[in-house]
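In what follows, subunit A forms one complex with subunit B and a second complex with subunit C.
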Partner chain A sequence: MTNYIPTIGVEVHVELKTKTKIFSNSINGYGEMANSLTNVVDLGYPGTLPTLNEEVLNLAIKAATVLNCKIRRQMHFDRKNYFYPDNPKNYQITQFDTPIGYDGYVEIEVDGKTKKIEIEEMHIEEDTCKSTHRGTKTLLDFNRAGVPLIEIVTKPCMESSKEAKLYLEKLKELLFYCDISDCKMEEGSMRADANVSIRKSESDPFGTKCEIKNIGSISNVGLSIEKEIIRQQALLERGETFKEQTRRYDDKLGDTVLMRVKETGNDYRYFPEPDIPYLYVTDERIERVKEDIPMLPNERRKKYMDLGVSELNANKLVQNRSLSDYFNTLLEEKINFKIASNLLLGDIAAYLNKHEKNIENTTLTKERFIDLINNVDDGTLTSKNLKDILDTVLDNNLSIKEIIKESGIKNITDDGAIREIIIKIINDNPESVKDYKDGKDRAIKFLMGQVMKETKGSANPKIANEILTSELNK
Partner chain B sequence: MKYLDKSIKEINELLKNKTIKPIDLVEEAFEKIEKNKDLNAYITLNKEQALKDAKELENIEVDNILFGLPIAVKDNIVTKDLLTTCASHILDNFTPIYDATVVEKLKEHHMIIIGKTNMDEFAMGSSSRTSYFGAPKNPWNKEKIAGGSSGGSATTIAAHDVLFALGSDTGGSIRQPASYCGIVGMKPTYGRVSRYGLVAFASSLDQIGPMTRNVYENAILLNAIVASDEKDLTSARKEKEDFTRLIGEQIRGMKIAVPNYFMSDIVDINIREKIEEIIKLLEQKGAVVDYIDVKYLENAVTLYQIIAMGEASSNLARFDGIRYGHAKENPESITDLYYGTRQEGFGQEVKRRIMVGSYLLSGENAKTYYNKALSIRDDMKKALEKVFEKYDLIIGPTTTTTAYNLTDSMDDPRKSFMDDVLVIPVNMAGLPGLNIPVGFSKDKMPIGMQIIGNAFEEAKMYKLASFIEKELNLDLNPFGGEKND
Partner chain C sequence: MKDKLSKEEVMHVAELAKIKISEEEVEKYQVELKQLLNDVEKINDVKGYDEDILIAPWTDKTSLRKDERGIMLQPKEVLENAPRHSGNYIEVPVVISEGEGA
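Up next, the complex of A and B:
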């Protein structure tokens, strides 16, 4: 079988996280009672006119910035005319001639190499309403009608399902990090279409493309592209041709299914939207929006690793935006970042999960956390101690010192008390002492174990070790 | 008791000193409307609610000059809980759940909506004969058209049923019927009056404006309806101003331009002669009047057809039978619902314009026609703006003929557009335009003069209009009776 080169382009619709809709003051919400978040504008009532939510423009500028797009300074909206029940005005307000962003890219790491996924354009538009088919009836929920979207279109520049998946993961991470969208594919706030074609050689023209619409998850994007490549290969190998078409991915079937063959000349009768004047984006506006962009994931990962955090932990932190933001407040401190990341991703994350809390909603101020890290770093707190006191640390305002004191850990860090226990253990284990004196290293480990057993694991191991050694050497 | 024949200032005094109550005005208006029923000026009367509103006003202080006055509203301006049909079968069961911004303004001024006036279906036409409810008649001669598309509003004002009406003007739809019916009609600068709640025909051209018996009352009503409206992004952000402020001033030194095209042989000779008389009068009174050439005026109708129909084809797409209005019964499929609803619901002229508009925006046509038209429109706008660098105002006839017979053929759409050849350039350039009656033809039909101002210079137009009105002192009541001032 000939080896074919796949060519893949991806179009992503992302719902913007705004308070209100793009062209009306209805709430932009998900999961509310059907048709409870609508007004006369969303319903396309006669006489209504669109207003423009400035928040949308700002988020779109933000997205264009993080996707390395050029930002258009003078633009307008266009009407895309087509009849469909989910399209209340029977035209959709979109940007056809003057997309707000163009010529951008997203960098992905494929097999250790950096690849730029080129973004053709990115534009603003309104979402349609949601239709549910019940037998012969179709129910319409206009809550989604007028929710702001950006559509991000790549060039046909990807060559594998892996690249497409990495691109989507990267895109999702960027948009989520910048509070542009919550990017929940399962709720439809991020929707992906993939265009797939194959050809024999780089020098050949692109093959006939098939568009797989509305794929529900990133893993399904990968699967559907793979299946589509196999399907197209089989057809070409049999010497068959096919027309440009729209397909969907059937999860149960595990394959793509034909929706419709594309007719030539889809005529949307685009023209400039006369109800919305031209928009002008100033440098000042772009600057203001840029100030609002947080440190991006790549930069975070690099910073964390430079500070001694393991690659695994760095990645884990970046995946948890709120922990990562919290971690960022510590970056200028002189602390052990390895311990800090272990604590956050270990016991603290477990506590937060269990209590369904955000770290901002605990009592762990930056100062107290630093205190905690230092107490672990110098051995004052063992990992067992930590487990014992963590709940108190996270839901109480007491200082770490006070918590340690109250929990009884204080006694065991006291030199005298440990020495007393150690002397008793030395006296009770003359054989081990002899072994030690004979140079057997295992003996000191055994004796330390006895110390920890006696102190129920709460002795400062560093101090205990020092005292044990000095007593044995007497 | 004929209070509605008095001047607005007199009526206001009578209300203030409690000689009369708003309900007297409302009852009188309905009596007159009933008497003039054959004029077919209204699609819907708001009798019950209007009487209730009038009663309620008895508990409120007279707080402005429009207080308690009945007003007729064109039926393409949405009114909450009051049928708004756009003179179309497709909306003949449509009761809006919100008020247009202008209607809110009327209510803030405690005006009383008396009813919704007849018009061309979706404002598409020049004689109001495309109305699903039959054409209104011209009070000066019931065999004649009232003009359009705001024919019902022009009729009810001319018949002296009420003092005030609102119309809308996309390509002359206020000024042309005002001219045919012998009343004052103003199309304000694009953006002056909010379009929120005006059922869109051609969004970049539509504008609501006042229609009244005289100039002063027109300016007063414009004062009331002008607003910067955040619900309309094309609404102009302007300071409040008093449009009556220049009324009564002398016109000495005013510089007035008359485009040669407006006085060419496209215009009936009798109308031209009447306008020439006015020009002489103005010159006598110290105004400077020059005949000038203005480029692109002759292209206006073509541009209008492309732009207005293109926009209309999109604006009227929402009438699909799904959410409101007429719907085909028991459709077999969604396509059947679309086709059936629109086939049954729209009249011939509306269908024709949707089809032409859709064609004009199809594929490459959008570039060839629509975008090209927009760019020539810009040039035309600049040409007119250039005139205002030297002149205060432009004048000319409003129409090429006086009102023609209701029975005249409707088969020549080109001809009906040519009726509007003098009024359309104003919409294309977004400028304000005003009609005032200046006399009568040999067959006793009103002749109108058009005054065109630079953007946002309505006050200057009212100044000239009121000067001419006073000089001419015409009797403008087709049924005789007392003359108003």
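Up next, the complex of A and C:
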């Protein structure tokens, strides 16, 4: 079978996190009673006029900035005309001629290499009402009508489902971190369409593309692209041609299914929206919006790793925005960041999950956390001790010193006492001692485990490790 | 300049408007729609708007609204003008093709 090169472009719709809708002052909300979040503007009543929500403009500028787009300074809106009950005005207000952002990119890491996914344009538009099909009826809920959206369109620059998935993950992370959208694909606040075509060689023109609409999760984006590539390959191998078409991914079937064949090009008869005069973006506004952009995920990851945090922990921290923000308050301190990340992602995260709390709702101030880290770092607290006192550390204001004192932790820090136990363990385990001398690293781990077992976790691990090593090397 | 549209052009417009038209109507609209287009094309003769397209009959910049909540309609009021409803939903005949619009 011939090897084909896939070409993939992705379009993403993201609902913006505003209090109110794009052109009206009704609430932008999800999960409320049907048709309870609307007014005459959202319902498209004659004589009503749209007024742009300033926050929509700010969030769109923010998105354009983090997606490395150029920002247009003068723009207008356009009417996209179509006849369908999800939009009683019979047109959607969007930006066709003058998208707010253009020529941007998002960087992804594919197989150890950095690749720029080019963004053709991103524009502002209104969402339509939600229609649910039931037998012979279609039910309409206008709560979603007029929810602000940005649509982000890439160039056809991806060559695999893996790249498309990595791009979407990066995009989601960026938009979520900047509070632009909550990016919940399961609730429809982030929706993806993929355009897929294949060709035999890079010098060939692009093949006929098919669009897969409204895919409900990032993993399904990957699966649907793979299925679509296989389908197109099979057709071309049989020497068949096909028309451009719109398909959707059927989760139960695990395959894409035909929605409609595009007989003629869409004829949306776009024209400038006369109800909204020109919109101007000033330098001052762009600067104000930029000040509001937090440290981005890539920069966080790099900073954490530079401070000694493992790649795994750095990624885990970035995935948890609230822990990552908390960690950021420590970056200027002189502490053991490896221990700090282990504590946050281990015992502390487990406590937070169990009690359904955020780190900000605990009593762990920055100063107390630093104190805790240092006590673990110098061996005053063993991991067992830590488990014993953690609840107290996180739900009252006593100093770490007082907590250690009150909990009666008396770790064996007496060299003589520890040495005595270690010598006994060495004598009891000649096999492990031999393994150690033969260069097997895990032997020392086993012996340390025996020491901790014997002392019921109360030996200062740092001291015990030093003594064990010196005794073994005698 | 042609004095009428082709039959196909008229049928395409009817399709976009989701209306059915008879053979006689097609012939009638071939002439009438073309006359309309000719009239609208006169706009192209207007000089003086080379730089920016004129999108509204005034040149003010758009005003922006603060992101603050206002008064909304009750679901009952929303449904008052709908021919049919099912619970709080507005009901329309089933629409076959999905995924139009946004």
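Of note:
We take it that the second predicted complex is superposed on the first by the 410 of 474 C-alpha atoms of A that agree within 3 Å, B and C clash if a C-alpha of one lies under 4 Å from a C-alpha of the other, contacts with A are read in each partner's own complex, and residues count from 1 in each chain.
The rule is simple: a contact is a pair of C-beta atoms (placed from the backbone, for glycine too) under 8 Å apart; a residue touches a chain by one contact, two chains touch by 3 or more.
Just so you know, these numbers come straight off a predicted model, no measurement behind them.
In the superposed model, C is the one of subunit B and subunit C that contacts more residues of subunit A. Of the two partner chains placed by superposition, only subunit B is touched by A:89; subunit C is not. Of the two partner chains, subunit B is the only one that A:79 touches; subunit C does not reach it. In the superposed model, A:274 makes contact with both subunit B and subunit C. After overlaying the two complexes on the shared chain, residue contacts for A:52 are found with subunit B and with subunit C alike. In the overlay built on the shared chain, the residue A:20 is in contact with subunit C alone; subunit B does not reach it.
Of the two partner chains placed around the shared chain by superposition, subunit B is the only one that A:44 touches, whereas subunit C remains out of contact.
Of the two partner chains placed by the overlay, neither subunit B nor subunit C lies in contact with A:206.
According to the touch criterion, the shared surface of subunit A, contacted by subunit B in one complex and subunit C in the other, consists of residues 40, 43, 51-52, 83, 85, 138, 140, 267, 269, 272, 274-277.
By the touch criterion given at the top, residues 12, 16-18, 52-53, 55-75, 78-79, 86-95, 97-102 of subunit C touch subunit A in their complex. Of all residues in subunit A, those touching subunit C in their complex are 13, 18-20, 24-27, 33-40, 43, 51-57, 74, 76, 80, 82-87, 92, 94, 125-128, 131-142, 149, 151, 213-214, 246, 248, 259-260, 264, 267, 269, 272-280. Taken together, the subunit B residues at the contact with subunit A in this complex read 77-78, 84, 86, 91, 94, 96-98, 100, 195-200, 202-204, 230-234, 310-311, 313-314, 317-320, 322-324, 334, 338, 358, 361-363, 366, 370-371, 374.
Contacts from subunit A toward subunit B in the complex involve residues 40, 43-52, 79, 81, 83, 85, 88-91, 138, 140, 265, 267, 269-272, 274-277.
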